[in-house]
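Listed after this line are the structures, all set down as structure tokens.
Below are two complexes that have subunit A in common, paired first with subunit B and then with subunit C.
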Partner chain A sequence: MNKQLEVSNLSFRYSDTKQKAIADINFTVDEGEFFCIIGQNESGKSTLCSALVGLVPFYFTGKMKGDVVVLGENTRKSSVATLASKIGFVFQNPFNQLSYTTVSVAEELAYGLGNLGIEREEMHRRVERIAGLMRVDHLLNKSPLELSGGQVQRVAIGSAFIMQPKILVLDECTTQLDPLGSEEVFDVVKALNGEGITVIMADHDMERVARCADHILVLDGGKQVAVGTPAEIFSDPSIRQHSIEPPDFVTIGRRLREEGLYSGDITLTEEAAITAAKGALVR
Partner chain B sequence: MLMAKKKTSSYIPMDSPIDRLHPMVKIYAIFCLGISALVCPTFILSYVLVIFLFIVAWKAKLFKKFAKFIIGFAIPITVMLLFIHGLYSPKNVTYIANFGFARLGLEGTMYAIKLVGGLLVFLGSFLLMTTTTHPGKLVTALIESGMNPKVGYLVLASLNIVPQMQRRMIIIKEAQMARGVEVEGKLLTRATAFIPLIGPLVMSSLVDVQERGMTLETRGFGAKGVKTTSYIEVVERPVDRLIKRLLVVFLAITVVASILARLIR
Partner chain C sequence: MKIEVQNLRHIYPTGEEALKGLSLVLDGSASIAIIGQNGSGKTTLVKHFNGILRPTSGDVLINGESIGTRSTAKWSKVVGYVFQNPDDQLFLDTVRKELEFGPRKIGMPEETIAQQTELAAKLCGLDKLLDRHPFDLTSTQKKFCTIASIITMNPDALVFDEPTCGQDVRGVDRLCEIVNTLKGMGKLCITISHDMKFVVRNFDRVIVLYKGRVIMDGSAEAVFSRPEEISKSFVSPPPITRVAQGTGLKKTVFTIGAFMDAMKQTETEAAR
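Let's turn to the complex of A and B:
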């Protein structure tokens, strides 16, 4: 598999603090992967996500050690604006991702393209395509402030994706949304991953992480605790020590296994848990 | 119950001939008409220009809004300037009224009236520009005229700041009302409510600024070695070029005439 992102011995301490926000982080992300970052609050997820796109060290000042190499480019030797066409970023708060300089969704989607000097005709083509992908094509003439949280977040993802990055980083992008908005956004993210875009997502929803991730990085107190597949991470009982609760489906399968009623693989999804439970009932 | 307004800017799309003017024509108008009003020795030109702006507002289908602004601004500012200059200007030689505690001087009064006229021309033309110009078109036109794109962003953000703050203020008001704070009603009640509203307004704006700055960076803002482009097309028509030239000629004539008038005196 083609390695697209490499993080080597990454540590960062904010300039007004004594403790490192993240320490000795090492992992790689391959092309087309769905890579999740999990951890309790204040574990360093947002700092790590910021480092992946160059906001650390260019926007957040402090002491950075180690390297982040994105598609062959070291983030320390580039700039956030230059990296924007390689790696896109979506934040938690949907409404803080609007430029507040546009009066329509179409203009908002195209905002980044203007900064990159893309020709107008190409802009219009991309806006039409991305609006369809993000399911906001019926909202193109609306003001971004008239949209719901889920719609704004889809516009924000579209605004990042329209710049054609190979990698998209999402920092808990569904936290501030209602369940419906959250599902709408996640469907779009899955669709993008399905198109070959590498997705790196920090998330709290363990069921979603278990269902979709190819690999998971676990952080606790800024330190890297584990990195592996969902099966490896959620089958490890020590994960609870880092305040990570496995998804309920995993717990169901584990309990059935403990009772001797199930001997199959770890149940990462609802369907697997139901199959395991049905098998247990038959026994 | 208050509802948070959802406008991003002060632009009001009206599909009028004024809307369709190139944004630079309106920028030229602000400066040419405003400076003309200020340099002219008498106040007559200022008020002729104000009447002209009322006609432009009517053509832009914004007469009521424009009139409300002009009258709402003109009355308090006139009273204030008349008080300061009319009563206490050192230029006062001829007195036209005696109030007991002070006397109203003719020279100071004339100066105040001229100043008000100049302010009305500047602010009135600025209001017409912001309400009849799509913000994106304005910035595109400014950047095409040679302005730095970063300055263009500052212009846009400044134009949009008032509607944004208003929107945020409404949300904070609703939140405070839900907590039992009285924010509506008598003047004293509203004045008392100002403090629990202004604190959250300023703090939340500052917090949002940081994240908004990060968003701009990740959308390629300030990318080096790149000539920025725009989703919106702005086309300069022959009538736009003609009006710009007429405005410049008007300014030139006014300046020359003003200089000559002062020399003759």
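Let's turn to the complex of A and C:
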């Protein structure tokens, strides 16, 4: 596998705090991977996401140790513009993503492309495609400031997708959406991953993480407490010590196994749990 | 405490009809969850409970009295509303001031304010943060600050709008504790939530809204035992319930213990 992102011995302390927000983080992400970062609130997920795209330490200042290398570029030595063409970022709060300089959703989506000097024809093509993909095509002439939280979230994600980055970092990007909207947006992320884009996502929804992640990084108090596949992470009972609750599907499989009713693999998805339970009944 | 909603319609200035003639009675101390997808009218409905919004037609009666007879400032003594977004609610420079603001406005005696503040701060995990600036709180703490500032008002009913939004496991556990404590004090707790696990763990009655109308109303068991009907509102039952239904278990279950019991029961029945 082709290594696309490498984090080594990364620590960061914000200039206005005494404690490190993240400490001694080490992991790599391969091309095309779906990589999830989980942990309770304030565990360092957002800081880590910001460090992957160079916002830490250049925008959010403080003391950084260690290195982040994105497609061969060390974020310390690279410019934000160079990084922006390789790695895209979707903020947790979509209102932080807006440029606040545009008068329409179409312009907002094209904002980054304009800065890269992309030709007008190509801009139109991409805006049309992304607007359709994110289901905001009926809003293209509206002001970004007139949108609902869910709509802004779609535009924010679209404005990152449209840059066609090789890697996309998403920081809890569905908080403003209801379950249906959240699944729709997530399906788009999944589809992009299917097209070969590497996805790194911080998320609270363990059912979704278990279903989709190739690898998971667990943070607690700014420290990395585990890295592994969903099966490795969720089969370890000590994960609960870090306030991570495994998906109910996993718990069902575990209980069936404890009762001697099931002997198969860990049940990471709804389908797997149903199959295990049905199997237990027809024994 | 009794809230009666009578044929309530609400049309926004944009012409959008958010509530299309809705009738409900909310009373007693049974906690109530209102669910449904974005745009189904949940927030519009609850904003009528203390008069933040006024009916276009129909009426809302609080303990028999029409909502039209008093201002929101007056009603908020009786029904407290916790906003979905903390930044819409917080505006003072310490947590203590936020907690004391409402009670002082309604003329609560200083002694009672002190007691209420202590109780609310403890319940919401803010007792060590009372002198902090709300903007220096974490997003979780901010949310609990907005909840505490409504609890200090000591209203008879509390409405929570999406309290689980952005919360982690510990935050949700604390919310459950808050709701249960308030229930124990005889308060009517009403919540809007997308988190079905939170809903079935804490709320006795579930009301499902779809396009400005009530399409289901009953106990959590009754509502989630009809997955086809509920799917019309694009709500899915909690994960354990879905697995039980997918497996063909007859009982509607919400906990792993109940799931295992239902499995054993089905097995015994099949063996007969």
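Basically, the second predicted complex is superposed on the first by the 282 of 283 C-alpha atoms of A that agree within 3 Å, B and C clash if a C-alpha of one lies under 4 Å from a C-alpha of the other, contacts with A are read in each partner's own complex, and residues count from 1 in each chain.
We adopt the following convention: a residue touches a chain if its C-beta (ideal position, glycine included) is under 8 Å from a C-beta of that chain, and two chains touch if they have at least 3 such contacts.
Remember, predicted model here, so these are calculated numbers, not experimental data.
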Touching partner for A:270 - first (subunit B), second (subunit C), both, neither: second
Subunit B versus subunit C as contact partner of A:77, first or second or both or neither: neither
Which superposed partner A:3 touches (first subunit B, second subunit C, both, neither): neither
Which superposed partner A:112 touches (first subunit B, second subunit C, both, neither): first
First, second, both or neither for A:180, with subunit B first and subunit C second: second
Partner chain in contact with A:252 - subunit B first, subunit C second, else both or neither: second
Partner chain(s) touched by A:63 [first = subunit B, second = subunit C, both, neither]: neither
Dominant contact partner of subunit A by residue count, subunit C or subunit B: B
Contacts of A:280 with subunit B and subunit C, given as first, second, both or neither: second
Intersection of subunit A interface sets (partners subunit B, subunit C): none
Footprint of subunit C on subunit A - complex, ascending: 40-42, 148, 150, 172, 175, 177-181, 204, 207, 243-245, 247-249, 251-252, 255-256, 259, 261, 270, 273-274, 277-278, 280-281
Of all residues in subunit A, those that touch subunit B in their complex: 50, 53, 55, 58-59, 79-82, 84-85, 88-89, 91, 93, 96-103, 106-107, 110-120, 123-124, 127, 143-146, 159-160, 163
Subunit C to subunit A touching residues, read off their complex: 37-38, 138-140, 165-171, 194, 197, 234-236, 238-240, 242-244, 246-249, 256, 259-260, 263, 266-267, 270
Subunit B to subunit A touching residues, read off their complex: 6-9, 11, 134-136, 139, 149, 153, 156-157, 160, 164, 167, 208, 211-224, 226-233
